[in-house]
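Structure below; questions to follow.
The first chain written gets the first letter, and so on, giving A, B, C and D; residue counts start at 1 in each chain.
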Amino acid sequence: MSSKIRLGILGGGGDSLIGVLHRVASAMYDQYQIVGGVFNPNWEENIGFVEKIGLPTNRVYKDFDTLVKEELKLPETERMQVVSILTPNFLHFPMANKLLENGFNVICEKPMTTSYEEAKILETTCEKSGAIFAVTYTYTGYPMIRQMREMIANGEIGKVQKIDAQYYQGWINPVIHDKEKRANTWRLDPEKGGISCCIGDIGTHAFDMIEYVTQLKVSKVLADLNYVYEDNQMDVDGTVLLRCSNNVKGVIRTSQIATGEENSFTVQIYGEKAGLKWEQENPNYLYLLEDGQPLRVLKPGHAYNSELSLDGTKMPPGHPEGIFDSMGNIYKGVAKAIKKEPYDEGEFPTMIDGVRGMSFIERVVESHKNGNVWIDIED
Amino acid sequence: MSSKIRLGILGGGGDSLIGVLHRVASAMYDQYQIVGGVFNPNWEENIGFVEKIGLPTNRVYKDFDTLVKEELKLPETERMQVVSILTPNFLHFPMANKLLENGFNVICEKPMTTSYEEAKILETTCEKSGAIFAVTYTYTGYPMIRQMREMIANGEIGKVQKIDAQYYQGWINPVIHDKEKRANTWRLDPEKGGISCCIGDIGTHAFDMIEYVTQLKVSKVLADLNYVYEDNQMDVDGTVLLRCSNNVKGVIRTSQIATGEENSFTVQIYGEKAGLKWEQENPNYLYLLEDGQPLRVLKPGHAYNSELSLDGTKMPPGHPEGIFDSMGNIYKGVAKAIKKEPYDEGEFPTMIDGVRGMSFIERVVESHKNGNVWIDIED
Amino acid sequence: MSSKIRLGILGGGGDSLIGVLHRVASAMYDQYQIVGGVFNPNWEENIGFVEKIGLPTNRVYKDFDTLVKEELKLPETERMQVVSILTPNFLHFPMANKLLENGFNVICEKPMTTSYEEAKILETTCEKSGAIFAVTYTYTGYPMIRQMREMIANGEIGKVQKIDAQYYQGWINPVIHDKEKRANTWRLDPEKGGISCCIGDIGTHAFDMIEYVTQLKVSKVLADLNYVYEDNQMDVDGTVLLRCSNNVKGVIRTSQIATGEENSFTVQIYGEKAGLKWEQENPNYLYLLEDGQPLRVLKPGHAYNSELSLDGTKMPPGHPEGIFDSMGNIYKGVAKAIKKEPYDEGEFPTMIDGVRGMSFIERVVESHKNGNVWIDIED
Amino acid sequence: MSSKIRLGILGGGGDSLIGVLHRVASAMYDQYQIVGGVFNPNWEENIGFVEKIGLPTNRVYKDFDTLVKEELKLPETERMQVVSILTPNFLHFPMANKLLENGFNVICEKPMTTSYEEAKILETTCEKSGAIFAVTYTYTGYPMIRQMREMIANGEIGKVQKIDAQYYQGWINPVIHDKEKRANTWRLDPEKGGISCCIGDIGTHAFDMIEYVTQLKVSKVLADLNYVYEDNQMDVDGTVLLRCSNNVKGVIRTSQIATGEENSFTVQIYGEKAGLKWEQENPNYLYLLEDGQPLRVLKPGHAYNSELSLDGTKMPPGHPEGIFDSMGNIYKGVAKAIKKEPYDEGEFPTMIDGVRGMSFIERVVESHKNGNVWIDIED
């Protein structure tokens, strides 16, 4: 019997990317075991998905209410300890609220709710329940963001005096300029997407990040949003002037019409003593700028890193976290081979590669020992 | 009952980093379930580790021979389907050989064996067994390396005419210049490390990578190694001239005395039509150089990517693979909270963050609608 | 007798950097000859400087009015054809105005005047005179900025839909936080610096650049400036929301308290079809972003460059413009040697270097021809 | 009468790029005045070129021998003090030799001669003459290369233990694969180009650079060159293993078939304490790598720079040397306007730009003072 934390999942089935992200993340520190959930509102797709990802099917439920009801019947030692909510936005609030009311811990995708009003209700429920509640502003988990937070907290850049965050994407570009498409995209439909597209989806990341790394509070905003077309009801771009605690000024710039940008989320924080910069697309680098000093580039996994940063780093310096992915791809290829599925010979290195490698080592040493001469590699 | 592939692990216990890498990698595509293994030669550490990572203890064995014996008693539908070997190098060969002889599929860390002779024996065993065997030259799993391979195979750079790989680290520097340390490091002891340190450990990665991306074979080598001190018996640096099939020339440069380098593994392949460059420390970028054309920077997850590359990419463009790590860190923080372990408030975003985010969205839209004026954010 | 354009200089003596910049710039295309000027208000420093830079002294004048008077006495074929104004800001207007009234062409440092009112007067004078007048917004001269302008004009990024410029410096940081220093810096004194420090000095560059590359006009501004301390009368940081022609929105961000930033001037222009980015600190790179396409990095000197860009490029691809500087430093070292001034042996390569180079070439070829063997280099 | 050093030029006429480089470089520090020379063997082209670049024609000579004869007739106070040789390679030796014999100082393009034998003769002549002789290995003049040299000399990276230089270009690619072209290119003709193409042209730069920055001497070489085709007599690619003084090992990699590379010249020097890296295409950055420390990026113009580096830097931090070029382009545009030649309105900022800039400053301050509201910009 595994002693891992029992995790349930709501949503994330089919080819959901957010589902992949939560499943992999939950496996990263040997802490969680997925015991069940509702991955899809359609029962056949739900159970089909569970079979595809090789989970036991006994605690896959037909819908959310059934999940709550059935799990509550289980003894506490077997019951799901935490449930991750990956469903469409409008379901976050009712699901989270009911889970908290019934004593479940919750991990909830962002945006947490569809309105501030719902958010305040949820906050009250959460306080009453005493449960753990996390909302996944994912980017704050990066080691170098944690490093940034702790360096600022330790006064390494002095009093913060200037804040600038950019979150630029270009994905809505092919939609927004097409009258029909923009009328029919759920992201641009206030019924489905709430009152904001760009600010709601990515502006909130920038806002949360600023408060996370500086531990200042944003106290006022002045915004200039862009809807581009008169018949479009949702912002797709916006600049927000900020007034923060300690009277610090800042700016958040967000866009979904920054053509060609993928996910260009950057944070620049300047203090009286130094500045710090970070870019999400190269998350392993933190730039420290000091007046009259060489630019310093901090990376994860070093003795100079902060405690929280090191707590979130698994590999030694020079190994980008993508290395999990690289090794994961090799495991995936082997899985195909074991299951006798077709696979490309480029998917994993085989015995042949191992043999050639050993030949290479021995012939190289031989070449050197013989006075730097040419030696053949055996086949 | 899970339908995942049943995976056993040899080694990788304690605070082994390679153990983390294989466990996370095996979880990435919902394909494997770790069912047991021998994580440590010491029984108490072995079982203690298994409890720490929350695995069932019923198939944790006291040693490798017992594992083989006991697993063979299980029906095939329950038996381990594949075993990963993460033990010290000298154990790779006997373990892999016995596993293959008994019909287990094997995933083996590199170097596959300690000599070419052993490698050839293993090759024969493998052929007889018909089992799947993978040696983890991890870096070939990167999406952009796969992209590189397929672009070269498709003739996108023309006939290859120049090959250059660099693998520079600086980690041995504090050891090599200290007479006592260099005498007592296992990596520099031929009894434990085989006949080569630098070429064996990292030169082989460069060699395998070149053959992987170009699909050419290295046919001859001329090497100049550096032992730095006369009393040192193992190379810590070396340059290897290469002659490959089609008479292509190349060079591999490796070093463990490249002070300050972390894991600087780069590959440059030039063909008659174009060149391709890649750096392991920024693995999401592949540079395409063409005469008289703007430099092009290819990234993963795009429609322009090759099939094999896309098969190894999980996230959309702009999301570096480190994002799994970021989300994983949030899950880790939540796990601490659920287990009532101490945790830093910077470990995961809570209800407060969720509430503030909703306030931000609503106040931003209000500011804009009221004519770009200042609006307070509620606490 | 040289047929170059006869250039006079006002200011730029002593150790003025702007003086160096204009002198070198005027020499770059073999077009100008400096014939005289007033380099310093103090006569001894004026004449001393002219001697130091090796110019003839016959047309060095004691003050501006004398220059105008005396030059007008010369026949037109000898008279200065153009005068560069590099004096403190408050002198720009009276000098430029008088020069234009007297028919001289003018190159004037920015800011052109100290007020909009003066600027309008100068405009009228200029129109009446028919003279050539240039204000040196230097950065618009970069080849890749010209490339950007022409690509936008040619519709290569489609209709512009998003504008973002950043100009961040950190130089005022050590001044602004010191009560005494900030009270005594001319840049922060409205009597000397006009009504704005940060916007006046660098914000105008961003403004001009946006209008230059897009050929749109900024029609409205909404600004949030930062004076940091109540006793400080001049802005040292500011964010300006922009409304441009065609209803395009944009933002200019400027700061002199972005600690550790040197001269971080960046421009990002997004159109319906593509985006373009440029950074002043790496001025040879222009980034072209297109949805679903690899990032492209354009550089100067290629056949794919625009006409105006090529007109401003002197070296072939791969030779950054700093190469003039590199060669200039060698010439400087030789000058010291010729003048029998002390110099470091690192200042220019000598005969010894030439001889060794020839030995290197011959021994390398010999090594190869003899079958890749070691050959000694002669001393 | 100018007190500058009197410089003569041999070659560099027509549209020679090397001519531009030497003319601009000689103007950079107000040290030289070009008084004459032989710019072209054809008299009409020679005199036409001199008129085009606006030099006096009285000391333009019909050929090299005439130049020497006529200059020697002039009193020493008027005679050329130094002559720059920019002619085809085979003329370097006879010209330099005769100039030195006649007491002229010489600046000579590389390669200095066409053989080691000539080089040794020249060395003897130079010693006898007591004249100043510089060979223009241009890249050693970069400020950050000087910084590198002095940091190594000062022991900042400890004893050098690993040397690696790369000089990759791709320009010969379109030539080498075309049988006719490769037979008819002077660079590949031993009669005209000497015994080596790639090593002679760019390998020597790498060789000189290594000796310059480390102040070590290369004592032995082992080379593997690539001629690609059997009918080709000149190397177009080569790897050279190096043995240097202090028994330091190194490698030079050069190529002209590195397709798509422009001028990728990089230097990596690793010492016992730290490593240093530099790239010619981004010459303002010097990377300092130390074990367990953040990467540091050094730039020119700072107080932390070495004396020699600062002596070769004219602009403050953050202003890449390309800024001379940018300002030079503005001056060029103004020259066209003054000469009533056609010009693009993008060539220099005019009065209009100046006026708009002043409006921008005043309206921005007004917007801020009025409470962050929209204000119109006047036309």
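Keep this in mind: a contact is a pair of C-beta atoms (placed from the backbone, for glycine too) under 8 Å apart; a residue touches a chain by one contact, two chains touch by 3 or more.
This structure is a prediction, so every number in the text was calculated from the model and none was measured.
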item	value
A-D or A-B - the one linked by more C-beta pairs in contact	A-B
Chain whose average C-alpha position is farthest from chain A's own	D
Rounded Å distance, chain A centre to chain C centre (Cα mean)	43
Inter-chain centre distance, chain A versus chain B - centres from mean C-alpha coordinates, in Å	21
Centre-to-centre distance between chain D and chain A (centres being mean Cα positions), rounded to whole Å	48
Interface hub residues of chain A, defined as touching at least two other chains	222, 224, 241, 261, 288, 293, 295, 299, 372-374
In the complex, chain C residues that touch chain A	157-158, 161-162, 164, 166, 168, 170-171, 173-174, 177, 222, 224, 226, 228, 237, 239, 241, 249, 251, 253, 255, 257-261, 268, 270-275, 288-291, 293, 295, 372-374
Contact set on chain D toward chain A in their complex	222, 241, 288, 292-299, 302-304, 372
